[in-house]
Amino acid sequence: MQLDQLYQDIILDHYKHPQGRGLRDPFAAEVHHVNPTCGDEVTLRVQLEGDRVVDVSYEGQGCSISQASASVLYELLVGRSVAEAMAVHAAFVELMGGKGQITPDEDVLGDAIAFAGVAKYPARVKCALLSWMALKDAVARVEEKS
Amino acid sequence: MQLDQLYQDIILDHYKHPQGRGLRDPFAAEVHHVNPTCGDEVTLRVQLEGDRVVDVSYEGQGCSISQASASVLYELLVGRSVAEAMAVHAAFVELMGGKGQITPDEDVLGDAIAFAGVAKYPARVKCALLSWMALKDAVARVEEKS
Amino acid sequence: MTAVTIPEGMPQYGDVPRFDVERVRADFPILGREVYGEKLVYLDSANTSQKPQQVIEAMALHYAYHNANVARSVHALGAEATAAYDNARAKVAAFINAPSANEVIFTKNATEALNIVANSIGGQLKPGDEVVISEMEHHSNIVPWQLICERTGATLRWFGLTEHGRLDESNLDELVNERTKIVSLVHTSNILGTINATARITARVREVGALLMLDCSQTVPHRGFDVVDYDVDFIAFTGHKMLGPTGIGVLWGREELLNAMPPFLGGGSMIETVKMTGTTYAKAPARFEAGTPPIAEAVGLGAAVDYLNSIGMEAIAWHEKELTAYALDALSTVEGLKIYGPKVPVGRGATISFTLGQIHPHDVGQVLDSLGVQVRVGHHCAKPACDRFGVPALTRASFYLYTTTAEIDALVRGLDQAKRMFS
Amino acid sequence: MTAVTIPEGMPQYGDVPRFDVERVRADFPILGREVYGEKLVYLDSANTSQKPQQVIEAMALHYAYHNANVARSVHALGAEATAAYDNARAKVAAFINAPSANEVIFTKNATEALNIVANSIGGQLKPGDEVVISEMEHHSNIVPWQLICERTGATLRWFGLTEHGRLDESNLDELVNERTKIVSLVHTSNILGTINATARITARVREVGALLMLDCSQTVPHRGFDVVDYDVDFIAFTGHKMLGPTGIGVLWGREELLNAMPPFLGGGSMIETVKMTGTTYAKAPARFEAGTPPIAEAVGLGAAVDYLNSIGMEAIAWHEKELTAYALDALSTVEGLKIYGPKVPVGRGATISFTLGQIHPHDVGQVLDSLGVQVRVGHHCAKPACDRFGVPALTRASFYLYTTTAEIDALVRGLDQAKRMFS
């Protein structure tokens, strides 16, 4: 197995130097997600201003893939409109579900293209998706409230 | 398969002309036994006088083996002392559990030696034993009462 | 002479899907066997089906080269085993046209599937609530409901049967009413062979807002069954009756119902998170698959589904219909033989139960066995149906895709011999 | 020089029962496999064991030539299948020294066995009654008790753990008291490896008149376990961890207890007689085996028992003890590695869980996998034990009769590589 296909340098970088980590105020919604197979957890907060995602803050325990993916999520989505963020989200979920058959679009996914290799490891896809699913849930809750 | 090893003439005779069939008064105990795998049933009464089995009467539905075995039981045990009857009972149970390896003693078992072939058919052993188990139960109940 | 032109698109006799039975038989090693020096004639498929080489090998290969526990490991073997297990679930889902593979729960047999629903849905019943079954149920669709009604104080009610062995729907509107919470019925009877028409009942169930479960243990192996088409809420069936292994059954249910139901068996894999002070549960299917699931059995069941699909369920159903018609005819020539259940090859499956004069089914079965003919005798785990018709036991012959008319002839010959012996 | 004479009857080193590991390995086809071009190193036997050819073939032969349903037919195939099934039960009974084969109930896995007792015994609990488990239980011995305590209002209590991963018995007399109805404990922990000494607990359980259940899922595969010797009331274990197939587990219980317990799953085969208005139940084992049982799986489990007996459980236990001592030594050389559970090869099984610095077990497992080394990572279905030690997840290596010291060396090499990659 080529381990470096899975653990690309970008992933290891984000893992060792996570961006945006920690829980911050103010926030519009907070969610807690668990990966029942492995016990990894994430608490994630989202703050919107009008139509814009102005902060995503998070805390949790997990493997390099889940930690790096939260960090990349932060970098990619904060500052965008909700619609843009959700488009990136959809592209990421599609990539993860593609069993390694999808060529990711760097213009849309930025650093997240490094996760293309993860899609070949079904057991790790859930790790990569943990914070992304939490984000979607959090945004949905904000929208429900308003 | 030699079907006539199983269905010996004695068995078919008892089946077609059952001895002692029907429920009679007086009786000291009555029991109802069921073979849960096939649904065969027997209601059996026993009457003791002192130490002696003076009547066994029965009614039920079942295959030729179970009907014939009740008829043979009646012929063999009625008129004996309880101790003698239980000795015959033990010999019959042993024969049935012997997987066809035991040579029965005609002096003890009389017509019941015809059931030797049944012991080779595990599914039919329960048929042959149905009324015998009921008898044992009935005798035990009488003894409990006294 | 006038030429008859059959309009395009109309079914013609030649259109009937067919397959080569001898070629199918060659896939089943056991069908080449003898018993007591007689050719094996296996007429007990409603009890359990035989297995083709393809199914046996799929499981052996799995154990030999891909065995691991599922859904718990990041390692390569674990990923292989998990993919195989998920793949089997997808195959079964497609086979019954389930909208989502998440709706397919692997149980140990049909009985467990019925118990899950009886306990999870039934556990919420209260005195005054009613459950409706029928007099032709297999014990596995009676006892779980009796137990839960006893525990909760709910009332168990049932459809009676007509003389022809069909559901008596004459009191449908009274029987299924506002108090009814769930109706659980056998779709194809394992004793009478009846295939129950469910449309009127389903309509009434929807009207009163109850749930509908069908025990499809004798349907799914024999003809296409589409859970969407049938507008049903739950179905149960079992692997070993459809060319698959023992140790696996299926509960199918609507996803939103399953995810709202309380769990039944507790343990590994069905949890979201566990603390000593309390636990939250995973969604379906994991929610109802506590402990290590039947992994190799799922692989075997997937292979069985592949095999059935390769023949075609329509072709199988047609083959069985022809056999049933042939057998009903042939058995009607046996004097003293009385069939219990529908006597026409319509609205019934390929399972025929009967008595032969006063001869006890045990004796009939024993004579047939001595000739190699394997039928089931007894109450067929459906004592209330026997009671309904006043018989303690029946002899039952049941057919499947590998059955031939020659085997039915052997049955008829055997019955004649039984008569000679016992009268 | 003085000659030391070892008194007769004293064990000597040469007396230790041994077997040829390479010959054993040759029986397991999967052990010849590669993953990603690397030799497979399977160190996940506590999750599920691999299967020898003898077990795989026994099941394939059963399906190919002796398949039928059991306990329901008079025909020859039915008699063969029933004999095979009963024979497997007798083998399992002898393996754990059960006084009667009737005490061996075949379930779908250990989880079902634990649920049967929790529901049947537990269903009779009342508010004020207490159930005692421990913090090192597998979820399968936690969740069923949580569910039944919720339903009945009984109270769930538990033993805590010492720093060394052993049961904290300091409050035994308070914890197990007159209100305690049942104590259910893991015998060998699947996460910490601890083998619990039960003598004091058993004495206390008897004193207060409670029942004792042991979850022997990780014991029975690895060393001789004698239910009479242990003076226990119920044990549970599972086929797939002892060279047997998936889809089968065992509940053993004292016959008089089993026959007095209310049934759990309802359905075919567990009944005495069924009427629409009420049912009576068969005795054990049938009482708790509703529906078609895992027939071929029982045949496979019987073959697994034969295989284990042919090597000898003492020899297997000794082999694992040596491996454990070797592994504990070898792992102590890995800097940053911390073992959870007993650190000495005494009172523990061949299962070792650890953390490696700050590296998440998923990542450790992935690096090991890339080298062919298959270990399990995560919470091991024992989250409360993880919580007790303040870790979300652990990496676990577990050994069996086919494991070699060379495989442990491969593990250690892999751990070094993981450290290089993630620090």
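Labels for the chains are A, B, C and D, by order of writing; each one numbers its residues from 1.
By definition in this document, a residue touches a chain if its C-beta (ideal position, glycine included) is under 8 Å from a C-beta of that chain, and two chains touch if they have at least 3 such contacts.
For each chain, UniProt lists the protein as follows: A, B = Iron-sulfur cluster assembly scaffold protein NifU; C, D = Cysteine desulfurase.
As the structure is a prediction and not an experimental result, all values here were calculated from the model.
Counting steps between touching chains, the shortest path from subunit A to subunit B takes 2. Chain centres here are C-alpha means, and the one lying farthest from subunit D is B. Annotation: B-C is the more contact-rich of the chain pairs B-C and A-C, by number of C-beta pairs in contact. Averaging Cα coordinates per chain places subunit A and subunit D 38 Å apart. Inter-chain spacing, taken between the CA centroids of subunit A and subunit C, is 45 Å.
Subunit C and subunit D have centres, each the mean of its CA atoms, that are 33 Å apart.
The set of subunit A residues that touch two or more partner chains comprises 1, 37, 39, 121, 124. Shared interface positions of subunit D, defined as residues touching 2 or more other chains, are 35-36, 72-74, 76, 78, 271, 273, 362, 366, 369, 377-378, 383. Considering their complex, residues 1, 3, 6-7, 12, 15, 37-41, 61-67, 121, 124, 127 of subunit B touch subunit C. Within the complex formed with subunit C, the residues of subunit D that make contact are 29-30, 33, 35-36, 40, 42, 44, 47-48, 50-51, 53, 55-57, 59-60, 63-69, 72-78, 108-112, 114-115, 118, 123, 135, 138-147, 151, 156, 158, 238, 240, 245-249, 263, 265-271, 273-276, 278-279, 290-297, 362, 365-366, 368-369, 374-378, 381, 383-384, 387. Interface of subunit C with subunit B (complex): residues 35-36, 38, 360-363, 366-367, 369-370, 377-379, 383, 386, 392-393, 421-422. Residues 1, 34, 36-37, 39, 121-124 of subunit B are the ones that touch subunit D when the two sit in their complex. Across the interface of their complex, subunit A is touched by residues 71-74, 76, 78-79, 82-83, 271-273, 282, 286 of subunit C.
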